[in-house]
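Quick heads-up: structures coming right below.
Two complexes are shown next, each including subunit A; its partner changes from subunit B in the first to subunit C in the second.
For the complex of A and B:
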């Protein structure tokens, strides 16, 4: 475990060093993704402010939830960037290189393509959480910070699992890059508003199919002392870590199956 | 595998076969665009029931035309691919079932693909590889210093690969593959695109590793001189099958090519002093009386030049592969 953490830190360090070789690109990447997140939030703010809230949720609470999902996306974009662009890594023959090294493929894939631009959504997320807390202060309890950390990890695992399932199709020489982009954009869109604002079908989809509602919406009920979810009841409010773990296990299963089916890239 | 065998044999393949499933319908979308949803597949045999073994400290050249199966064979040895049938063992272990353990003792250089971080100093790539291979800190420092010296990289390890010449970069790649002191070194086209000095340097280094560190080397190359200078043994592979497995000398002998020595023999023409004529004398180098024929030819005058003809390995290999195609 200690060695794995040391390796991931070394990946981040070398990724950072590589990125700062091109300072304009480095700063531009971070600022670009920061603005991208903030502009989406501003669009939401204008709309929500006009109605004073959405399905009982206040503007501050919604921005708090959106901020949480932005931080999770920032981790995916930076630390797990290699998994997001896995299709490209397979086509460029990186998998062969990972397979001839005595480390897990996922750990290598994640670290080897570290992208500092993911700092943008993380900074935006922190800013949106502060904005949300100022507008709608949550109940201050002893478990608030640990719960938010658990939610952060669970939400990251849910997103990671989805890109792993899509990415593992590349092992079968199938190009699914467009699906990764579609999933990322849909996740953005869904998480900008509370899941309860959508139809029953969509709510079911984001709870059971693509469990994006566990990234912030259900956990935020506990943060703001909202009693229960109308559709799925109280248990789902506590299930973010279970959803994160379950999603990750499905992602890992798909990933392992893909590696076993891998035919290699390059010549015969 | 017996205990005696396992201590000597490092790589072993028994009836090894690897097939691929490939798409046959190319870019066609088919009737009514149904081709977009249905793919026709066929099976291609890249490695076809081959067996061989490589001893510890042996340098083996893998030669074949494009698409012969060299890369697939290397991927099977490294555990990147799983055999369709048959078995492969490295150090007595199945590479696909014991990937981590097997690859800990393997160093790989892909001539066309870098394992270095393009924009970070070479030494930073080495630091990451140190953690990947769990190399002890003291051993790492010692090894880095030793390899810097052997590969004449010196201060170049503080530069990023994008700032290095191709030859320097290949030396960096070799350094990366040797950092963890592997027992098996696999090189796929390591000298591609290098100048003659860089090529010679790489070849000498590989020989040194074989002779001084007992490293087993598998070298896949289209560069015949690499094979001649570095390898003890050559495996010719074609359509996934072994065409030849033995030494270069045996290959030349079995190819039926007669090597000759051409001598430029200078002698005084017509017995006139100062009037010298040069005659080219060709002496076949085969047969029991080759030595006496050579002495006789050389005694006819003063030998001003000598060269061997007929043993061009590239020509011999082309002939062998041509014959196989027929």
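For the complex of A and C:
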């Protein structure tokens, strides 16, 4: 574990050095993804402000939630970029090389394609959280910061799990790269508004099927002291870490299954 | 002149068909795009229903029009996303672009053929199923008028050409800066907002709507969608299509000029 983390940090260092060689892409990537998150937020702000909130949630609270999800996406975009681009790595035969190295494939895959542009959503997310807190201050309690850190980790695990499940299908299918993009696109568009604004079916889906609602929506109830009048009652508000862990285990299982059935790409 | 145009059109169409077939082989991509596209379409449709039912929306646009707009917006966002920039950027970086430019067909047209073929395949395999499945369970409306129905498709086509022209301009930066994948990744995030596919521009404050309308982005998705739902009507439809045509001419000419300059740069790094 310690060695995997050390390897991951070494990959990040190399990735950073490599990224700054292409300065315009580096700056364009970071600023571009920063603007992406901010512009998406502007779209939400304009709409939510015009309607005075959405299904009982205030603008500040919604931006706080969106900020949390952007930070989680930023980590996926930078630290786990190799998993996001897994299809390309399988097609280009990189997996063959990973398999013969004495380190975990997930750590190698993640680090091999580190992308500094993920800093953009992280910076934007921090900005949106500050904006949200200024507009709608949360209840200040001793557990607020630890809870947010737990939510940050579990939300990242949820996103990583979805990416791993989609990525593992690259072992069986020649091309599926845009499936990951479609998932990412759907995730940020849906997290721009509270899950309770959607229908029962959609809300159930983002709670059980693709547990995006655990990335910020349910945990934010505790942060703002909002009682649950949602579909799944009070307990679901505390389940973000469980959802993160469960999702990750499913992702890891799917990932292992894919690797076991991997036949090799030959001399690509 | 006519023979040359015919030859180029046929060649571009052949490239489009090739890329359309290639796109259709990625079945997991197609199925997941339909599923995620449907999810967004349904989620947004219910969001608008919730907003309308809580009487916070003060607009002349009906909830049925908004649901129709949400479904078509989801289709536009899904269908217009291609890997053209990443693929062509890699070819510029590796030097393989030289094989593309040596072909007896303009490089810009070759890439347009690639982009259009991919978009067309996604429209057929992803867009149409999303619309049909949405129409089954949601209040999806037919075009607002005969004229709207007739001009929706040409307007959509012009939107695709504008979208490609912007993609091409981003790609041309690769001649100068080598790698532009990050910029394209960012653009993927901008598009749903700037093109008005996620939130219609009439909900934006006047100053923001005016600012966005000064850019070519709204003519990619907002204009065809607004024509379809009847928010642009009468003679305004013709004006909107003419404006799209203007953007196509201006951006294509700019792209051709910059590509010509880029090729000179390429010959320097070529050896």
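The rule we apply is simple: the second predicted complex is superposed on the first by the 263 of 268 C-alpha atoms of A that agree within 3 Å, B and C clash if a C-alpha of one lies under 4 Å from a C-alpha of the other, contacts with A are read in each partner's own complex, and residues count from 1 in each chain.
What we mean here is this: contacts are C-beta pairs under 8 Å (C-beta built on N, C-alpha and C of every residue); 3 or more make two chains touch, one makes a residue touch a chain.
A quick note: this is a predicted structure, and the numbers were derived from the prediction, not measured.
After superposition on subunit A, the partners subunit B and subunit C are seen to fit next to each other with no clash. By the document's definition of touching, of the two partners only subunit C reaches A:117; subunit B does not. Of the two partner chains placed by superposition, only subunit B is touched by A:6; subunit C is not. Judged by the touch definition given at the top, the superposed model places A:18 against subunit B, while subunit C stays out of reach.
Ranked by how many residues of subunit A each touches, subunit B and subunit C are led by C. After overlaying the two complexes on the shared chain, residue contacts for A:93 are found with subunit B alone; subunit C is out of touch. In the overlay built on the shared chain, the residue A:260 is in contact with subunit B alone; subunit C does not reach it. Of the two partner chains, subunit B is the only one touched by A:102; subunit C is not. Contacts of A:189 after superposition on the shared chain: subunit C is touched, whereas subunit B is not.
Measuring from the middle, so to speak, at the Cα centre of subunit A, the directions to subunit B and subunit C differ by 90 degrees in steps of 10.
Closest C-alpha contact of subunit B with subunit C, superposed model: 7 Å. Once both structures are placed on chain A, subunit A residues 22 are touched by subunit B and, in the other complex, by subunit C. Touching subunit B in their complex are the following residues of subunit A: 3, 6-7, 10-11, 13-14, 17-19, 21-22, 93, 95-97, 99-103, 108, 260, 262-264, 266-268.
Interface residues of subunit A, counted against subunit C in their complex, comprise 22-26, 28-33, 35-37, 39-40, 42-43, 46-47, 50-55, 115, 117, 120, 166, 169, 173-179, 181-183, 185-186, 188-190, 193, 197-199, 201-202, 205. Taken together, the subunit C residues at the contact with subunit A in this complex read 25-29, 32-33, 35-37, 39-40, 42-44, 46-47, 50-51, 54, 56-57, 77-78, 81, 83, 173, 176-183, 185-190, 192-194, 198-199, 203-205, 208.
Contacts from subunit B toward subunit A in the complex involve residues 20-21, 44, 46, 66-72, 75, 78-82, 99-101, 103-104, 106, 108, 110, 112-113, 115, 117-121, 124-125, 127-128, 131-134, 160.
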